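Naming follows writing order (A, B, C and D), and every chain is counted from residue 1.
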Amino acid sequence: MTTSAMLILDILMVLSLLSLAAAALATSDARRSVILFMAFGLVLALAWARLQAPDVALAEAAIGAGLSGALLLAAVGDQPRRALTGDTKPVHHHDHSNLKLMLEWTVTLLCIAVAGALAWALAQAFERAPQATLAQAVSENLATSGVSNPVTAVLLNFRAYDTLLELAVLLTAVLGIFALGPARPGYRTAGPVFGGLVRWLVPVLILAAAYLLWVGAHAPGGAFQAGATLAAAGVVLRLAGQRTVGLPQGPTLHLVIAAGVGTFLLVGLSLLVLGRPFLGYPPAWAGGLILLIETAAMLAIAATLVLAFLGGRPQPPRVNVTGGKPPAASISTLRPRSREGLSGADVPGAESHKHFSEENRQC
Amino acid sequence: MSDTLIWLFALPLTGAVATLLLPRQATALANVTAVATTAVAATLLHAVSRQGTLSYEIGGWSAGLGIALRADGLSTLLLMMTALVVLASSVYASAYFSKAAERARFWPLWLLLWTALNALLLSGDLFNLYVTLELLGLSAVALASLGGKLAAVQAALRYLLVGLLGSMMFLAGVSLVYAGYGTLDLSTLAHTVEAGPLAWTALALMTAGLLLKTALFPLHFWLPPAHASAPAPVSAVLSALVVKAAFYLVLRLWLDVFADLLTPAAARLLGVMGAAAILWGSWRALRTERLKLLAAYSTVAQLGYLFLFFPILLAMPPGPARDAALGGLVILALTHGFAKAGLFLAIGIIQQRCGHDRICELDGTAQRLPATTFAIALGGVALIGLPPSGAFLGKWQLIGGAFATGQWLWVLVIIAGSLLAAAYIFRVLGHAFGNRAYPQSTVTVAREEWPALVLTGTAVIGLGLAGAPVWQLLGSNA
Amino acid sequence: MLTAHWLYGITGCLVVALGLRTALLHALLLHRLIGINVMGAGVFLMLIAVAYRGPGVAPDPVPHALVLTGIVVAVSATALALALARRLTAEQDDE
Amino acid sequence: MIEVMSSLLIVSGLGFYLAGSIGLLRLPDLYSRLHALTKADNLGLGLLTAGLGLYTQDLLIALKLVLIWLAVLAASAASAHLIAQHARRRETQS
């Protein structure tokens, strides 16, 4: 393609990125905002593919746009109007419109200043164009890293410690979510059309996840993209009315969500005990160890993302899950959650009411 | 020896996984982890005091390509404080949570928080620091929301959003640094950064993000509700350690990495914000109705003192005077950490035994809970900065530095802050020692009361009388 | 002289500012959260633009890895925030 | 020759996309918009994949492209159905 054609494409892409971001942030309707944000994420993924970052583009499309979008949409669905207004504003808003206007202008000017400073700094960075970047060091050491995809080499070998802590972040998030209450009630069972799609889409997604995991060693892909794809299968199953989406219950579930951190630590510390540096894989073993860690990480990532979408620990399936009226007794326990704080987080049946009100919310 | 750096974050992380998988044994496992990690921290302290800075290249990759961990005097001291505070709070927490389900939720997050703190203090890589900041923020928020009540959840949500905003700003700065210098390693950067729009913007963004996380006035709005509505052991660690981790990073960036491009005006700005924090935080602490809020506002004020050191340190030429002032800063931070943690634990006991923490209804507490009241008094001594507490030494250095550099205006702020602190502490003690006879008899609950006493005792006596090693340790690898 | 580099880099700066403005000003939680996510996306865009070396030249893989980590961290934080918001609604309903 | 054919296919595919997008913006109600979007875009994507597959002259890549097309086809059909069903249910309720 000629450079000028590419330039036109770039300009179009940049303009649509900016307008989508602005539109997503300007609209006051939450659902619209989320959908525009997802569109923004998809165009961003395109931009990254164009900038020769296919690994990141895959992850953005699957996680940044896809799963974040699913999480946000589920949250929008939970909370008709008031909920999302939760008082989180740091600045006391007086009804003084003058004051508010001044605040708005101050912040806007501040943000313009931030954009200007960032651009100025970036300009200097591009001018400096550091000679000895890490790219060189990465390609020099790629041969001993155990994989040939440089991004995977950085993620799971050179900077594996970052990834270990990142898996700890995921674990923290899911434990935090668990502590806040049980999962949302499920959706109704899918009809024939959607059900038919799910029946073959889920196996295909699982297959795709396995492929992405395997191929990550030498081509775009890896544990995160694979985990997100696997999580997508879980989300689809959930939308089709599967309550637990195949996740195990109880202690086994803990084993799955801790698998990433646990395996990583086990490998790292075993090497340390054997006299090598922490996470210093012997070159001959590196490929295998990375694949082992990535497999565990993929499971943990997928489970975490699905659990985040469910909104908590999945409840064991009950009779009369998928339709009809809630049992009369539970009308008296209208609260979605007990007030006991921590202790009451796992009350089954307390959700029936919400379940009923959400019956008709499938899309 | 440098393996200790690995075990310092690997032990609590392993503990977190273990407590998650074996919820029945969680309390025992967590306490074993706490003792072991503290022992490792002590080993490290010993090693650093003898050999100077230790470092570890993870995976055997040289720093730059890989990530290096580093422990110098400053980070080792903070690691040791972290270990002792978390250990004491763990002992306390073992008795604090009565239900098995509560304990099962608490321990893994608690140990993840510790992992984050240790990883942050050890990290020598900018992007890795971003990840540790996020781990710290998320685990702190999850713990703060464990109360489960409306106020706690609301405060935790605000805490999370503020923290996220802060880390995003930090990340923007990190990205600029990589764009311009092609490395993320702190010690390499210290040699390569040069004044210019790139370094200024990067430093400004990172500092702004960290100030938000360390709750420097006027960015402190999120702190009092979050710290006041969390469970007591969590409040202790949030106030004593979590905000200080962000402060440590500001110190590290300003004094080590970007030292060449600082201007007195920037340092003065931090000083002014610190002074405002002292006055505003102390004033609010004096006016508040609840003991926990008092302690939280007092944290806002105490952080102000730490930032007062910036204009003074920057006005001093490198040399023994400056090292002495830096030692004063560190000892003030350590004292506040121990004292505030002990104070929150003591308040937790009062809250559990009396069912409330309203200051004006504390009459008779001294008769009922003498040991706890004594812990509060000890913590108060450290917060005011009376001798022999470590805070006295710190403030002494601060005042000395202010006079030496001709910035006597700060001295007025310090005196006003100390007077206000005395007022709010004596207000509490006045109520606690109120002589209204109380029907109940004296309560002593050793397992709950000891940690608070030991922590506040360390702040007053340990750091005050045995503060000299702090200066030695900081000087040994300056 | 690489135009793409500049074009996407400056866009990243603007996206950061847009997100920051919403995160600071908006009253609704969901919008603030989206604002923070957009801000993050802008930072990631800057990083990927920095990594780009022009057609035919292999890009720097390190920023790519950093962004991958960043994306996962961002989604974890978003998930926790949404769970807190859900609990908040439930508690408010109880009041 | 092959290049011309593939270009022709791609351009005609884009034409369908354009029509679909205009339909999405201009048509009056949800059902007709869905109709425009799914039908025109699916056909457009089909032509596009055919053109690209021809362009690469690599059987494996062409096969992958066809797979993508099939997946999009199924997904868009199912989601269009779900959206329409949801809208219809809402209508009958109110």
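Definition applied: contacts are C-beta pairs under 8 Å (C-beta built on N, C-alpha and C of every residue); 3 or more make two chains touch, one makes a residue touch a chain.
Bear in mind the structure is a predicted one, so any value in this text is a computation, not a measurement.
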Pair of chains joined by more contacts [C-beta pairs], A-C or A-B: A-C
Chain centre separation in whole Å, for chain D relative to chain B (CA means): 57
Inter-centroid spacing, chain B versus chain A (mean Cα positions, whole Å): 31
Length of the line joining the C-alpha centres of chain A and chain C, rounded to whole Å: 12
Computed distance of Cα centres, chain D from chain A, in Å: 27
Chain A residues counted as touching two or more neighbouring chains: 86, 88, 114, 118, 122, 125-126, 133-134, 138, 159, 162, 166, 169, 172-173, 176, 180
Sequence positions of chain C contacting 2 or more other chains: 16, 20, 24, 29, 32-33, 46, 50, 62, 66, 69, 73, 76-77, 80, 84-85, 87-88, 91-92, 94
Per-residue multi-chain contacts in chain D, two or more chains: none
Touch-based graph of the chains, sorted into line, ring, star, complete or other: other
Chain A-touching residues of chain D, taken from the complex the two chains share: 71, 74-75, 77-78, 81-83, 85-86, 89, 93
Touching residues on chain B, where the partner in the complex is chain A: 3, 6, 10, 13-14, 16-17, 20-21, 56-61, 64-67, 99, 101-102, 105, 108-109, 112, 115-116, 119, 127-128, 131-132, 134-135, 138-139, 141-142, 145-149, 153-154, 157-158, 161-162, 172, 176, 179-183, 196-198, 200-202, 204-205, 221-222
Footprint of chain C on chain A - complex, ascending: 6-7, 10-11, 14, 17-18, 21-22, 24-25, 28, 30, 33-34, 37, 40-41, 44, 47-48, 50-53, 55-56, 59-60, 63-64, 67-68, 71-72, 74-76, 78-79, 82-86, 88-89, 93, 103-104, 107-108, 110-112, 114-115, 118-119, 122, 125-126, 133-135, 138-139, 150-151, 153-155, 159, 162-163, 166, 169-170, 172-174, 176-177, 180-181, 184, 222, 224, 301, 304-305, 308, 311-312, 335-337, 339
Partner chain B, residues of chain A touching it in the complex: 86-88, 90, 114, 117-118, 120-126, 128, 130-134, 137-138, 141, 157-162, 165-166, 168-169, 171-173, 175-176, 178-180, 251, 254-255, 257-258, 261-262, 265, 268-269, 272, 276-281, 340-343, 345-346
Partner chain A, residues of chain C touching it in the complex: 3-22, 24-35, 37-38, 41-42, 44-46, 48-52, 58-62, 64-69, 71-80, 82-94
